[in-house]
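Both of the next two complexes hold chain A, though its partner changes from chain B to chain C.
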Partner chain A sequence: MVLTERQNDALTELINIAFARTGAALSELTGHRVLLDSPSVALHLASELDKSLSRFVPGEVAWIHQVFHGPVAGDALLLLNYEGAVHLTELLTDESNDSNRLDESAREVLTEVGNILLNACLGVFGNVLHVHVGFSVPRLRLDTIKDLIAWLNRGRGELRYALVVFTRFQIKESQVNGYLVLVLNMDAFDRLVKEIDEWIEENNGRQNINS
Partner chain B sequence: MATQTEHMIEDSRTNGAVFRWINDHGNQGLIVTDEHLHIRIWNHWLETKTHKQAENIIGMSLLEVFPELVTRQLDRYFRQALEGRSNVLSQKLHKFLIEVPASELDVEPMRQSVRISPLEEAGRVIGTVTVIDDVTERVNREAILQRQLAQRAKLLESESAARNAAESATTRLSNLQTITDEAFAQKSLNDVLFKIVQGVRAVLNTATVVLLMADDRGDLIVRAIDGIEREAVLGIRVPMGTGFAGMVANARKPISVKGNLPASPLNTVLQEHGIRALSGIPLLIENHVLGVIHVGMREMRSLSDDDIRFLRLVGDRASLLIERARSYESEKIARAYAEQANRLKDQFLATVSHELRTPLNAILGWARLLQSGRIDQATAGHALSVIERNAKAQAQLIDDLLDVSRIISGKLRLNLSPVETAPLVEAALDAVRPAADAKGIRLRTNISVHVGPVPGDPDRIQQIVWNLLSNAIKFTPNEGDVFVSVERNNSNVEITVRDTGLGIRSEFLPFVFDRFRQADSSVTRTHSGLGLGLAIVRHLVELHGGTVHAESDGENQGATFKVCFPVLGAKPEEVDQDESSLKTGLQSAIPFDNANSLHGLRILIIDDDRDSLDLLVTVLQHCGAQVVTASSASEGLEAVSTVKPDIVISDIEMPHEDGYAFMRKLRSLPGNQGGQIPSVALTAHAKAEDRMRALAAGFHIHVPKPVEPAELLVAIKSLRERNLKPDVDGGGQDSGVRGRRSGR
Partner chain C sequence: MSGKVMVVDDSAMSRRTLRRILESANYEVIEADDGMAALEKYFLEKPDLVMLDMLMKGMYGLEVLAKLREMNKDARVVIVSADIQNSTREMAKEAGALDFINKPFAAESVLNIVTRILSEETRPNGIDREAE
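And then the complex of A and B:
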């Protein structure tokens, strides 16, 4: 499946709305100006996700995972490489982490940040799709990309798509890069694309989006 | 068999029991609200922590019970939960959901990790579930761990600093090695000192480095400098306890000053060179301050602890090097002296051996001829006379040797009595007449018979004259003239022996009376004899309180020897009285009539033994001398500068500093400060080497103990009259044989 340019643009626009909310929420929480932006959105088969992510980090990644359910169900993930994860917690908490390891408190911070970001994105999609989306409690895991992908695709015969969104946090003149990944099954994805097309029509090409 | 209703009842009972168990035992806070956020469940844990009982708050609105949830904008999480979203609230970003103390003892609030989720039934949100975990302990643990990690990081940092310091220490050690190696290679003390200051300045990169050494009084004298021209400061004396160097020496530990330097002649110069700060260390050997090294900076700064440590290390090594250089120098002098003494002894022995064999040849040769019976009567007569003459010559040699030996050991004693010199001169003339006749030498005389008696040993006075006459005849060619006169010259009797012989080269004149040195031993020995005669003459004359000197207009111009004896001021019959008076305290036979013979002479006596001191004072004051006493070397030195004595008499064996050390210090003074004062050594050690050592130290005369007052008087008088030439006579190195023949 391929997205048209308009669809792609619309998707990016929606993501940016979610990112703006996330940035605002994080700014409010931490007292620092936090910006998120996304230069690119890409669509992959979930089974081939490793192709796009394997070049991201060779080692362990920290990933915050939330399951969403309802009429559109799937997995939402925020991936950060280990150093990026440590750095992000330092930036958000104003505490230097000389040990360079993620202790329990740091993991909680990452979980909350991922929670905020994923909630914002799924919230925006829920509004766009006019469906109620439920969210599970977020969890943080440390794994290699390979193990992560294997875990995502465990026991699933169905074809799933992964929307991979490059994500850049900008805080205090520093940047931390990561990926936002939404994994949807075919039905959910079809529905998403259809709703996006409708949303484009409704808004006559990217006008006021009021979530 | 149970019915479905029974199952449902059973399930409901089980659920109730499980719920009660969670409510009672759960180790976390559990809040359940309905869709209006009214509290439905408030568990036991929360009751304990918040002291709010479930029965009192169940049914109430959560946001009304805890209005701060709204002010802290946390209500949004509950609203999101009602919309189906789950949230986690990390303790780092929120600290807590409901503020409660961490414990009863703790005023800090409990740190909480919170999950707020929707409570759903059949896809519909019917309320919210909030779970609160107490993570205070975990947070504290993490804080400790972070601190430990930070400390470890700091440790690593200081470890790396220590490694750097160690590396710098290694560099310093190598610098130190270089300095001491270079200094070690130097043999002279001055070179050692200069290498040290140069090395220190190169390593510490300071403007100046000065090394001062303490003298006997504790004053510090600049001995080496780097950074400013030597002439400006070398030799500057910093009096004990003054200036910066004095401070360091007194403190015996490193000191630094900035700004105003303590006043001292040295610091004046340093300040002129822009020095504004000094750091110094003492040079210590067994806690005795050897000196001070200090470095000067143009900036207002002190040396770092590292640099001070380095300077101390240099100081420790420098002290050892200085000690080594000092002992090397004194050992070198002693060795040179010993070598020379040895060489002179060898030369002397060679001469003795030769001289003793020469007459033996004649004696043995003629004796064999006589034994053979093959010679006629006339020849036999000649043989016997040759044998006799040579035997006498040898006897004379042996006598001379014994005399010299006695002179060296100080055992030559006079048997003094008032004597007229004329008859003794006549007797000596008679003794040498055959020898003079044999060479056709004319003996001319001008002898005044009544010149007055002198205090003397008749045998020795005759020996003096005989020696001079023999010498004159020996060195006068055939048909020459030898002129002898005895005259009264004021209070002296003057005996003159003049010849028309080989003469004496002017440069050898000062040495003709010295013993044990042959100025040119390679000269073909055309004249026999040991050449000790003149040395014996001088010694005997001086023992009599007289003087002897030689004159010559040069080679082949003949020579004149003049002996002066002081005339006894009294008549012979009065002498007897004096002799009897002397028996009271003085053991000598010397007449003690000349009570004022030392009039006007300032004499300093140094002896730690009170009794000896008293005896000498009595004797010398009796003779009219002004006597000053000192009981130690240091007192003696002080007295030299204050009293300015004409003559110094010093004991050798004294505590702390002996007489040798005293004399070396005295001789190191400039002439106008007493450096050349005539001196007498008194010692119980009468061995030849003791005598030599005394002379080497700078004494002019050595008088063995027990002191015979008369002998001491004679010695003092001879010193007074002797024209002292320190270069010639002052040091032991000049003692030795100078055969007269070599000069003629």
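And then the complex of A and C:
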């Protein structure tokens, strides 16, 4: 699957808007200013996801998963480096976590944060592209990247694409590394591209799609 | 202003936050962590207002809303959700929700909505405002 330059520009702009909303939600949650790196976007076959995610820290990551459904359906994942996830829960609970482990209470907080951030991001997709996106209940897992990819591709014979967006949130002088991964099958990806084309048409009068 | 508010959310974090906000304004708060518990508590406790999450294990918020409206056609329900889509807001409105609050929420916004709804004598016709 190859996107044209205009489609790629539009997709990048859509993700910029979505991440700005996500960053704002994170700022509201933590009560701190959130500095957001410009997100980088890559498209991979789901089976080759490790190429992109290998840049991520080794060891365990905290990831929140939601299935999304509707005209554009798939799996949405928010991945946070473990240390960043611990720090995020400290900011949200105003409690210091000396153990540096994510206990049950911290996991519960993190699951809700993932729900809010994934909704903030995918909700922008829904609003801008005029498609309704429904969500499953979020689930948190702690795994290595390798186990995550194996889980994601389990029992999947179909060709699926993974849209990987990497960014860094800086909150209160600490860095939280985050990946957003959207995994779509061919039909869903075609539909996403079609909606993006329509969005480009809508914006034809204003051809400057800013990055 | 007084009143009994039931907070329905499977996230303990969200329940805690809403409880803190509502109790700071002297509202009585009861909690339910899923749809079934919400229906039972609604029947037993007869809250003046329900603040209902959309996405919960077991029963989704809009299903809970429909069942609450079967129990009491004048049930006052505000949806509290992370879903920012306009289409979701429309669905909640059509289902009879009085308002829609996006997570993460601001205390002032929550209290404004709760106070307004509980001060109304008759039930207005659903969400008619833009997002807070």
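Keep this in mind: the second predicted complex is superposed on the first by the 193 of 211 C-alpha atoms of A that agree within 3 Å, B and C clash if a C-alpha of one lies under 4 Å from a C-alpha of the other, contacts with A are read in each partner's own complex, and residues count from 1 in each chain.
In this section, contacts are C-beta pairs under 8 Å (C-beta built on N, C-alpha and C of every residue); 3 or more make two chains touch, one makes a residue touch a chain.
This one's a predicted model, so the numbers in the text were calculated from it and none came from an experiment.
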Requested in this report: Evaluate whether chain B and chain C can sit on chain A together after superposition, giving fit or clash.
Outcome: clash
Requested in this report: For A:S99, select first, second, both or neither according to whether it touches chain B, chain C, the two together, or no partner.
Outcome: first
Report task. Applying the touch criterion given at the start, work out whether A:N127 contacts chain B, chain C, both or neither, answering first, second, both or neither. Result -> second
Report task. Look at A:V164 in the shared chain and tell me whether it touches chain B only, chain C only, both, or neither; answer first, second, both or neither. Result -> neither
Query raised in the report: Touching A:L148, do we find chain B (first), chain C (second), both, or neither?
Result: neither
Query - chain A positions touched by chain B in one structure and by chain C in the second - result: 28-29, 92, 105, 108-109, 111-112, 115, 119, 123, 132-133, 135-138
Query raised in the report: Can you name the residues of chain B that touch chain A in the complex?
Result: 73, 80, 83-93, 113, 115, 117-118, 120, 123, 135, 138-139, 142, 145-146, 149-150, 153
Report summary line: chain A partner, complex, touching residues on chain C are 10-14, 55-57, 81-88, 103-104, 106
Query - chain A - residues contacting chain B, complex - result: 28-30, 66, 70, 89, 92-93, 95, 97-99, 103-106, 108-109, 111-112, 115, 119, 122-123, 132-138
Report task. Spell out the part of chain A that touches chain C in their complex, as residue ranges. Result -> 21, 25, 28-29, 92, 105, 108-109, 111-112, 115-116, 118-120, 123-124, 126-127, 132-133, 135-138
